[in-house]
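One chain, subunit A, links the two complexes that follow: it is found with subunit B in the first and with subunit C in the second.
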Partner chain A sequence: MDPISYYLQTALNGVLAGCVYALFAMGLTLIYGVLNFVNFAHGELIMWGAYFLFLFMGEPFGLPLYAALPPALALTGCLGIAMDFSVFRHIRRANRLTLLIAAMGLSVFLRNAAQFFWGAEVRTYGLEVTAGMRILGLTLTTPQIAIIAVTILCVAAVYVLFFKSRLGKSMRALSDNLDLARISGIDTKRAILAAWVISAVLAGIGGILLALDTNLSPEMGVINLIKAFAATLIGGVGNLWGALLGGLLIGLAENLGVLFVSPSYKDGIAFVIMVIILLARPYVIIGERSD
Partner chain B sequence: MKKLAALVAVIAVVSTAAAPPARAADTIKIGAAFALSGSIAVYGEGFKKCVDLAVEEINAKGGIKGKKIEIVYEDNKSNPKDCVTAVRKLITVDKVPVIFGPAGSSNFMATAPVAQENKVVLISAQGAAVGLTRAGDYIFRVFPSDTLQGPHLAKLAMSKGYKKVPVMYVNNDWGLGLKNAFVDAYKKMGGTVTDLIPYDEKKTDYRTELLRASKGNPPAIVNLTYINEGAVQFKQAFEMGIKTQWLCGSAARAPKMVELAGKAAEGVIGTYPSVPQNTKAYQAFKEAYKKKYGDDKIPIFGDYNYDMVYLTAKAIEKGGYTADGIRKALPQVAKGYKGVTGDKTFDDERSPKYAEYGIWTVKDGKIEDYKK
Partner chain C sequence: MDLLLHLAIVIAIYTIFALSLNVEIGYTGLFNFGHVAFFAIGAYTSALLTLSGIPFAVGLLAGLALAGLCGFLLSIPALKLQGDYFGIATLGFGEILRMVVNNEVWLTKGPMGLPGIPRPSLFGVVFDTLPGYLALSGGMALATFAVLSFVVLSPFGRALKAVRDDETAAEILGKNAFRFKIKSFVIGSVFAALAGVLWAHYTTFISPGDFTLTETILVLLIVVMGGKGTFLGPVVGAVVLIFFQESVRFLRLPPEWTRLLGPLQQMVFGLLLIVFMVFRPEGIIREKGGRRGD
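What follows is the complex of A and B.
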């Protein structure tokens, strides 16, 4: 492989990882924007999304991939709603620490539940391994093309929803000021519900894409949540486009890092970026809005 | 309410203090901190069966100087934290002088300092990590260390004509130890390591690591990997069109790896500690196992567990039922002892001095012995 393709391929790997991080980060930042807390159980939405697809593709359903997708995503959306109904709705007005700990507890519970049903071992969807296509000296597989295409589609859909629809406007209003939105007659319940569904579905889509490209394990949510969180911080918490950009940046940084630094620091790179951002923009923690 | 609580507390204290002392002296108790639940419980069950088999045999022949062996099993739940809890319980409550340690190098290494500090003998029957016994002189293993596997892997690479290789390895005790053993031996044989690529466990994307390893299209890449990591890597390498001969260690040698990687794992070769199964001792062991459990498939590492029980029993017989006695007697009784897994003579690091290594490969979706 010539040096230019070598670096281009690395950059492409970075973009692919970044697309998935961006999908996670957008969902995370959306909940933050509307409800003003970091959902640490977001990683479990990622993981459960992937496992729901596994469920419908396996016995007794045995559905092909395309047919298993809609019910899997629907269930992931339901899980998002269930999270809100079972836990977060009751502590809407609690302080952030309470919400944070509740989310962490929920995360552990959901991870253990997945482990209970499917075991701790790694699984795959059992799709045939195929050699990637060669495009301009770069290798790209079908799931990877899907990652890029689906990310673009999701970003477009989110754009239309947020900036062109009534529902999106009400969510944005909520994100600005919950009380003000409520007294201006906005149906806050509906908007919060929509935020959970969108956040969960984005996480589910990302989880499925990731699992299609690699494989599934009950732990897959945890590590990706950290990447998503770092991406969210880079982009400014609550900022959808920032999350997209942040995800791509993290993906690129960690993959290019493999070439120049030791690969054993791959995850560390996301942490370092996160810490720098926290130091440079501490209002993320104090709670002032960054957008 | 407070009074009631105090009363309950007093009763609790008194009743524990007054609990009858452990049935002293009529049995020889040995602790076993095994994975009976959790992620590697599937292994733990098999170990237990083989340990029970050996104990039954020894007891049937009169035990140790007339006393029966009793194994005190403690569930280590397959994670380092509960492993430590299990070992502590065996030391403080059951007061055993010798413990069969947990499987999994990281689990074992978490408990080794605890045993060492309390001066209790801890033995591993399946840990290959180089530094496994370094916590101190109370820590033993009957499974060969990877210091032995490294040179075998280097020899394999050289015999196939690969004089320059990049080395990828999982960045933990096991990977690092085997990497060092391999690199040292390989360099002595005249080989050149072109790049060292450590990577973390449990990741899903290794593409850029693979890209870096395959820079300059090396004819072979050494990859000291686990089941899951290996499966992801071989799959991704296949997708990326990387054509190379993968050379692995023993940790990837599992049907699960092939199941996950599919045809991407075809042709991978690697070394592993092999136990010659055509020996008289092994056949007898297999026969006894079948008789007891009605199954002739010996659980993975079960044979090492079986040998561990016999060695320990011999050590207790010779050195007495104390930790120091067992510790001193173990190397003496092991010297030249031919167990079902071969010669168990210890080296200076309380690991087996000798081990045979085989070469495995993946052919038509199955793990087989490699034939040139």
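What follows is the complex of A and C.
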């Protein structure tokens, strides 16, 4: 392969990875915006989303991919609601360190539950590998085309939901000021519920896309949580479009970074970027909300 | 008998580990989710040095020094963050360190791990029996308890609590909160490394698999369940949880069960963290004068 197409292919892979990270980051930043805490168990929504699809595609269901998607995403959404009902709604007013440890506990519980049922080994959906299409000298496989298409669809859906619907308006109001939203008669319970469902479904979709392109393992949640977080930091915490941009940047940086460092450190690049941002703009994420 | 000695040794090591995290979480309010990294730095430094024939005392001190230095270097950017952000940054550091240990095969042998770490000898005494090792680790645990109790009882410890409870007020009173946090983080890192050194020379084999998020969670649970910000909390937590964790290993179970037992045990740990946070966030032993719910 000539050098120029090599760089272009690397950049394309970066954009593909970035699309997935953007989906993770949008969900993470949404919960942050509405409930003002980082959901440390967000990575487990990513991982369980992928495993729910694995469940419906395997025995005893044996559904084809397209039929297995709706129930898998529905279950991921339910898992998001279950997180809120079982843990977070009881400690809504607790200090953030309590929230943090509880989320950590939830993450450990869910990660090991997946390992309990499916084992620690890396798995794939067992789909046939099809030859990639060649466009302008670049190779694109079917899952990769799906990643781009689905991300565009999701971003469009999130846009419509947030800026064109009443529900989106109430979520944005909540994100600005919870108490004010409540006394102005907004159904905060419904908006919080909706935020959990959207966050979980976005995580599930991203997890499935990632697993389609690579593989799935119970450990995939932790590392992707860090990437999602780095992406939200780049974009400004609580900012949906920032999360999209941040995700793309992290994906690009990771894939282009491999040109300079060993690929075994690819997963560390997001972390390094995160630290650099924090060093350069240390107070960017402090004092954003006044409550 | 051997089982009891083994339990006591592991409890002593984890007491040190938990006490070190308690300085950060309990007294300063720093949520270090990468604490295992410093345990690993201690373990690997001392193991690598002693394996190349350098005396244990040097390996021990080098492990503590390197962990302290890494703690210092990490704390400067990380401590500019609060709460959640600090947690993510330290979590990331823990994962990166494991990546380094896994990949720098020339130094750490990567996933193969380091076998044959020598038993320690100090002043001509070799601690190569279980009772001997218990004396060493138990003595170290007592010393850690004494030193850290002294530290947190001193004006320095009161300043830490002041920073934790109200940073702004502490600043107004002329305390440089940032510096206190760095010092607290470095102290925590050094003692975590001490636990790591003792661990490496006890098991005589270490590999990257020993230093995962799982270990961080265990030590976090020990501190939180026992009662963060108290003297005895981490000790009580270590006794209860290590007893639970290690005794399960010695049950004679069919092999197909043991594969499930690990995740099941971790699920219990996760659940305990949640239950304590929802129903009794202050842990078994409550901090004197601490506000309920903290």
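Following the convention adopted for this analysis, the second predicted complex is superposed on the first by the 279 of 291 C-alpha atoms of A that agree within 3 Å, B and C clash if a C-alpha of one lies under 4 Å from a C-alpha of the other, contacts with A are read in each partner's own complex, and residues count from 1 in each chain.
Here is the rule we go by: a contact is a pair of C-beta atoms (placed from the backbone, for glycine too) under 8 Å apart; a residue touches a chain by one contact, two chains touch by 3 or more.
Because the structure is predicted, anything quoted here is derived from the model rather than measured.
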{"item": "Subunit A as common anchor, with subunit B and subunit C clashing or fitting", "value": "clash"}
{"item": "Subunit B versus subunit C as contact partner of A:280, first or second or both or neither", "value": "neither"}
{"item": "Contacts of A:264 with subunit B and subunit C, given as first, second, both or neither", "value": "both"}
{"item": "First (subunit B), second (subunit C), both or neither touched by A:214", "value": "first"}
{"item": "Touching partner for A:101 - first (subunit B), second (subunit C), both, neither", "value": "second"}
{"item": "First, second, both or neither for A:4, with subunit B first and subunit C second", "value": "neither"}
{"item": "Touching partner for A:223 - first (subunit B), second (subunit C), both, neither", "value": "both"}
{"item": "Partner chain in contact with A:136 - subunit B first, subunit C second, else both or neither", "value": "neither"}
{"item": "Partner with the higher number of touched subunit A residues, subunit C or subunit B", "value": "C"}
{"item": "Residues on subunit A lying within both footprints (that of subunit B and that of subunit C)", "value": "120, 223, 262, 264, 267"}
{"item": "Residues of subunit A that touch subunit B when the two form their complex", "value": "1, 6, 9-10, 13-14, 16-17, 120-122, 124, 128-132, 134, 139, 141, 210, 213-215, 217, 219-220, 223, 255, 258-259, 262-264, 266-267"}
{"item": "Of subunit C, residues touching subunit A in the complex", "value": "29, 31, 33, 77-78, 80-85, 87-89, 91-93, 95-96, 99, 102-103, 213-214, 217, 220, 224, 259-260, 262-264, 266-267, 269-274, 276-278, 281, 293-294"}
{"item": "Residue ranges of subunit B touching subunit A (in the complex, touch as defined)", "value": "38-39, 171, 197-200, 202-205, 207-209, 211-212, 214-215, 217, 227-228, 231-232, 235-236, 238-241, 256, 260-264"}
{"item": "For the subunit A and subunit C complex, residues of the former touching the latter", "value": "37-38, 40, 86-87, 90-91, 94-102, 104-113, 115-116, 119-120, 222-223, 225-226, 229, 233, 262, 264-265, 267-268, 271, 274-275, 278-279, 282-283, 285-286"}
